[in-house]
Structures are given as C-alpha cells and as structure tokens.
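After this come two complexes, each holding chain A, first together with chain B and then together with chain C.
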Partner chain A sequence: MEPIYIKATISSPEINFEPDNNVLRITGESYPENSFDFYAPVISWLKTSLQELPELTLDIAVTYMNSSSTKCTFDIMDILEDAHWRGVKTSIIWRYDRENERSYEMAEDFREEVLFPFEIEALDT
Partner chain B sequence: MGQETRGMILQWSVSGSDHYDSTKGDDMNLYDLRDEFNKSGVMMCFNGPFCHSIIEEIGKAMRNHLAADNIAQASLMEVFAVYIELAQNVRNYLTLREITRPDVASSIITIGRRGEGYVVSSGNAVLNADVEMLCSRIDEVNAMTRDEIKIQYRKQMRCKVKPAALGAGLGFLDIAKRSTEKMTYSVRDLDTASKFFTLSAYI
Partner chain C sequence: MKSLKDMRSLVERAVSENNPLAPDIEKIINCYAKLLRRFDKIVSLSDSYQSQLRELNMRLELMAHTDPLTGINNRGYFMELLCAELNRSKRHERVFSVLMLDLDRFKSLNDNYGHAAGDEALRTLPRVIQASELRTSDFSGRIGGEEFAIALPETGIHGAYEVAERIRANLEKTAVILDGKEYFMTASIGVSEYRAGDTEDTLLQRADQAMYRAKETGRNRVCLSDSG
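Moving on to the complex of A and B:
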C-alpha cells in the first residue's frame, strides 16, 4: 500500500497516514483555493487503501473548514461508511476546539451522519 | 503574483496607527475615503483583483486585528468563516465566468464593526445574465428558518458536485448558519454586460 503525506499550508491541513496503527490524520485548517482538487488524492488513496486495510481510524483535528472542505469531509466519511458495511473496522476521532462551541456543534452534526464509531474529543491546545 | 497583487490594503486600528500601502498616485484624496470608512465602521478593506494568496493574507491580518479587539475566539472564527465564504465565492465566480479584465475583475471586501457585532461585505462584477439567479438564491436562503438551513445544508452535502465546479453550493447556507441577521444585497449598473453586486453578512 502506498503511503500518503501532504504538507500543511496556511489554508490546507496536513494529511498523514501512520501505517503502524492504521491512522489517517488530517490536521490544521482547511480552506484551500480548490477543495475538490486538494482532497482528490486523499479520496482516491482512501478508496484504494480501504480495499486492503482491515481497519482505519480517521483522526481529524481541523479547527476551521470552509463549506467546500465540509463537503469533501462528508464524502470521505461516506467512503468510510461504505467500507464499514463491507466489514472494514472504520472509526473517527473528531477533535474540536474547546474555545469554539461551533466547532463542537459541527462535530455533532457530522456524527449524526454516520453509523460507525465516532468519538468527539477536545483538542489539546 | 504580479498583476494580481495590485490593489490596496487599508487597515485601521483603534489606536489610530494608520497603515496605508498603495501603488496608486499620490494625488488621491485619502482623507475622504478614510472618513467614509470610519463613519461606516470599516476596520479593514481590500480593493483590487484578488487571488487565493491575498485571501489568505487578509484573513491572517483580520484574525490578528480581531484578536486585538478582544473578541471571543468563537466569534472571531465566525467572522473569519463568513469572510472566507464571501471572498472565495467572489473569486470562484470570477474564475468560473472567466472575468479577468482588471477593471471588471477588481473586487472589494470590507470587514467592519456594526453595533455589538461585525459586518463583512463583498462587492464584485456579476454578469447581467447571472444577477437574477444570484438574487433569488440569496432570497431563498434568507427566507429559511435555522432548522431549514440545517436541513438544506445536510441535503446539499449529499448532492454530487458537478465536474469542474469550484464550490459545493453550500456557501450561502454556511454564511446564514453563522449570521445573526439576514444577508442584504444591492445591485448597481457597472457596464452594458455586468452589474456591481454588493453583499453583506452580519455576525
């Protein structure tokens, strides 16, 4: 399986897969010039990897995402949900900013969209 | 960056340490402009053709500025989020319609105080043919209750994005979710092919 790593910029998060524990981390803020272009390699990596991996945890610590990044995140969760129904052990840890109640609301909104394990944790700052 | 960075950034701070940077001529009367901004509560303004890196830079400056204004982190991020949606909306629209001639593509974005809250406004050229659809989309979102906005947001998230689309059709809903009042807009003639569209959101 190919590794995936994308360096963070001011408007796009770091993407990093840890093969030792099958964790895909998305960390930073997300409002790239073109969210669809930015997330396309992540989505295609996930589609391939979820054919091979027995489990995958998506660890999201994104304190701000613009509306198109929200859409891309939803698409990513949809792929995880599909894999879950095929028998892959998928889960999400969503880290919210405790100083921003909207960030917790958003986590809750996303949790309502999926039927696999979804934990909400405060981000350590 | 070249030509795209042309334009001007005007920034005011409460302490009165004015900062001005412009490539325009010296004979311009900035006093009136400054006076106008101060009267209407504008804290920051960008006018010119803008690209992604400018959107990032203004965003960064705005966050620093608001942080110094002792605004709660949650509100700061709401103002920032609305700014990003408006700015990227303008940028995506001009890209989609291939509006590149500097005098037409030149857009304006302002962030200001309004009562206890903030107002973020964008002004840009919109082709005549697109004005009606844009206005009716905003009217539609303005007419929604909080719950309807949430339902529409979830519905729209499930929609497939058209190939080559630059946005997910969530921008106005996202703004409405974060707003304390309805969005307002105004339309003025720009030239024979386009109108100048001003949109404001209140946080």
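Moving on to the complex of A and C:
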C-alpha cells in the first residue's frame, strides 16, 4: 500500500499520509475546479488502506472549502465511520482558526456527523 | 420533493397494511431522512464559509483604503474619491473646493519629543477634523507625512474658507499630551475651488500653493488660492 501524497495548489489542499503514525493530513484550502475529480483518488486510497490498516487518524486543517469539497469531506468521514464499525481505530483531529469564532462552531457541525473520536484543536498547536 | 412527513406516512401505511416490504421501505425512508439532513448541513456550512470570505474581503478592502496610523483614507483612496467628485462636478456643473492642511513645525515636534509623540500629533488632526461638523459628503485623507486634504462637495471657496477656519480654530484649542505636558498644535491651511479644466493635481496644487503662503506669512492660518 503506497502512502498517498498530493501537492498543494492555490485552490486545493496538500494530502499527505504519514505511515509512521498512520496519520492522513489534509492541509490548506479546498476549492478546486472539480472537487469530485480531486478527491476521487483520496477516497479510493482511503477505502483500500482501511482494509489493511489497524488504525487511521485524519488530521484536517482546511480553512476554507467550497460546497463540493464540503460534500467530499463528509464522504471521507462516512468511509472512516464504516471502517470504525468494522473494528478499525479511526479518529479525526479537526483544526480550527482561533481568530475566527465561526471556525469552532463549524468544526462542531462536522463533529455531529460521526460517532467515532473527533477532537477539535486550534490550528497553531 | 416529498416532505419527510409524507415519506414517513408511507411507512406507517405499509406497516398497517402488513406489507412484507415494510421494513425495507422503512430503511429507505431512514436513508432519505439522513440524506436530507446531510444536504441541509452541506448547504449551511457552505454559507458559513462564504460569509467568512465576504467578511475577509471587506476587511481587506478597508485595509487597502485606510492609512494605518490615523485610520482615515490613505492617499490612493482619497485621490480615487477626488477623481469621482471631479467628474461629478464637471458633469453636473457643480461647485466644490479642497483644503490642504499641513501641521506646523511637525519636524521639530518629532525631533524634540520623538516619533511616538509625532504619531500622536498626527492622530489628533483627523479627530479634530471629524469633530468640526463636516457633512457626510465631505471626505478627507492623509496624503503625505504630515499633510492632509479635505474635499468639500457643493461648497464654494468662501464656504470652504469657513470650514477651514473652524478646523484651524478647533485644532489650536486641542491639547495633545506629550511628555506629560499639554501641547497645542497648529496647522497651515490652503483652500482652492474647482474650476473648469482642473484635474485632481491642478486643483490640489493650487491649494498646496495657498498652504505654503499660509506657512510663509506666519503659520496657523488659512489662505485662499489667489486664482480661486
């Protein structure tokens, strides 16, 4: 299983898997021309990896997403949830912007969608 | 799209009719409910992100227009506003005037009391301008180190003179605390009125020349541009 890596662009986040601690990092801003095209390889890598890995943490620090990216993020969270029910130790660390009050509320909105561990931490920690 | 209530009553009907597909229908309706909730959530989160963007944009625009020290319009934005007023006055044959204000002996204030004091002095003039009963259509800007300009639409040179004199008098009475002591600043002010053929530069230049004359003839005074 190859660790996935996608370089950041001005409109899409960096995708980076760290095999040492089984962390998938998504960092940056997300408003690609076609989110479904952008996230498709991430989603298919995730599905395959979750068949093999005993655990996976999604560490997501995305300060802005367009609506299709929001949808894709939920899709990713659903995949993690399915794996959780199969016995894989999945968790999410959601990083929010301390300077922006709405940012924390939005993290909580995302958290409502899953039943596995979901931590909310500030961006600079 | 059917409402969730309608869909749930489908399930109830299937159950009451002992339809063998009832549990499957219920599963589908539950999926439908989840999809509906998820859809609403995506939309509302997207709205939140968009509001964030708009707020950021507004702040950026404000920063681009604002002089960071005094909080009033910076030179670039003042010139934009002046250009618009010039075009408006030209088109509708209106009258308007500009004032150029320069703090007196600013360099020696800076040398004697330091730059922090100089900054405080620079912040005081815009406050005095605000308190001098300008109209909402009047606008000002910091256009140089210690130079400020004010545009007064619908105002001829004599009306502008009165405004300038009011500002000058208010400034003279306003104490700034420097080094624990009260310091009273003054400004030299030049006034010019828009005339046909003016550009922003020629209009401001005449006001500038009048301001220099105010400096040369004793400071803390208002001079009208000779040529109007």
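Note that in this section the second predicted complex is superposed on the first by the 124 of 125 C-alpha atoms of A that agree within 3 Å, B and C clash if a C-alpha of one lies under 4 Å from a C-alpha of the other, contacts with A are read in each partner's own complex, and residues count from 1 in each chain.
Here, a residue touches a chain if its C-beta (ideal position, glycine included) is under 8 Å from a C-beta of that chain, and two chains touch if they have at least 3 such contacts.
In this text, all values refer to a predicted model and were calculated from it rather than measured experimentally.
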Sticking to the clash and touch definitions up top, decide whether chain B and chain C on chain A clash or fit. clash
With both complexes superposed on chain A, which partner does A:102 reach: first (chain B), second (chain C), both or neither? both
Considering only the touch criterion stated at the top, classify A:34 as touching first (chain B), second (chain C), both, or neither. first
Touching partner for A:82 - first (chain B), second (chain C), both, neither: neither
Chain A contact check, chain B vs chain C, more residues touched by chain B
On the A-aligned overlay, A:66 touches which partner chain: chain B = first, chain C = second, or both, or neither? both
Pick one for A:55: touches chain B only (first), chain C only (second), both, or neither. neither
Considering only the touch criterion stated at the top, classify A:18 as touching first (chain B), second (chain C), both, or neither. neither
Quick one: classify A:119 as touching chain B (first), chain C (second), both or neither. neither
Once the structures are lined up on chain A, find the stretch of chain B hitting chain C; candidates are 22-30, 40-48 or 76-84. 76-84
On chain A, positions contacted by chain B and by chain C: 64, 66-67, 70-71, 74, 100, 102-103, 109, 113
Given the complex with chain A, which residues does chain C contribute to the contact? 38, 41-46, 48-49, 51-53
Complex interface listing, chain A residues touching chain C: 64-67, 70-71, 74, 100, 102-103, 105-106, 109-110, 112-113
In their shared complex, chain A is touched by residues of chain B numbered 52, 56, 60, 72-74, 77-78, 80-81, 84-85, 88, 150, 154, 157-158, 161, 165-168, 170-171, 173-174, 178
Chain B-touching residues of chain A, taken from the complex the two chains share: 10-11, 31-36, 63-64, 66-68, 70-72, 74, 97, 99-103, 109, 113
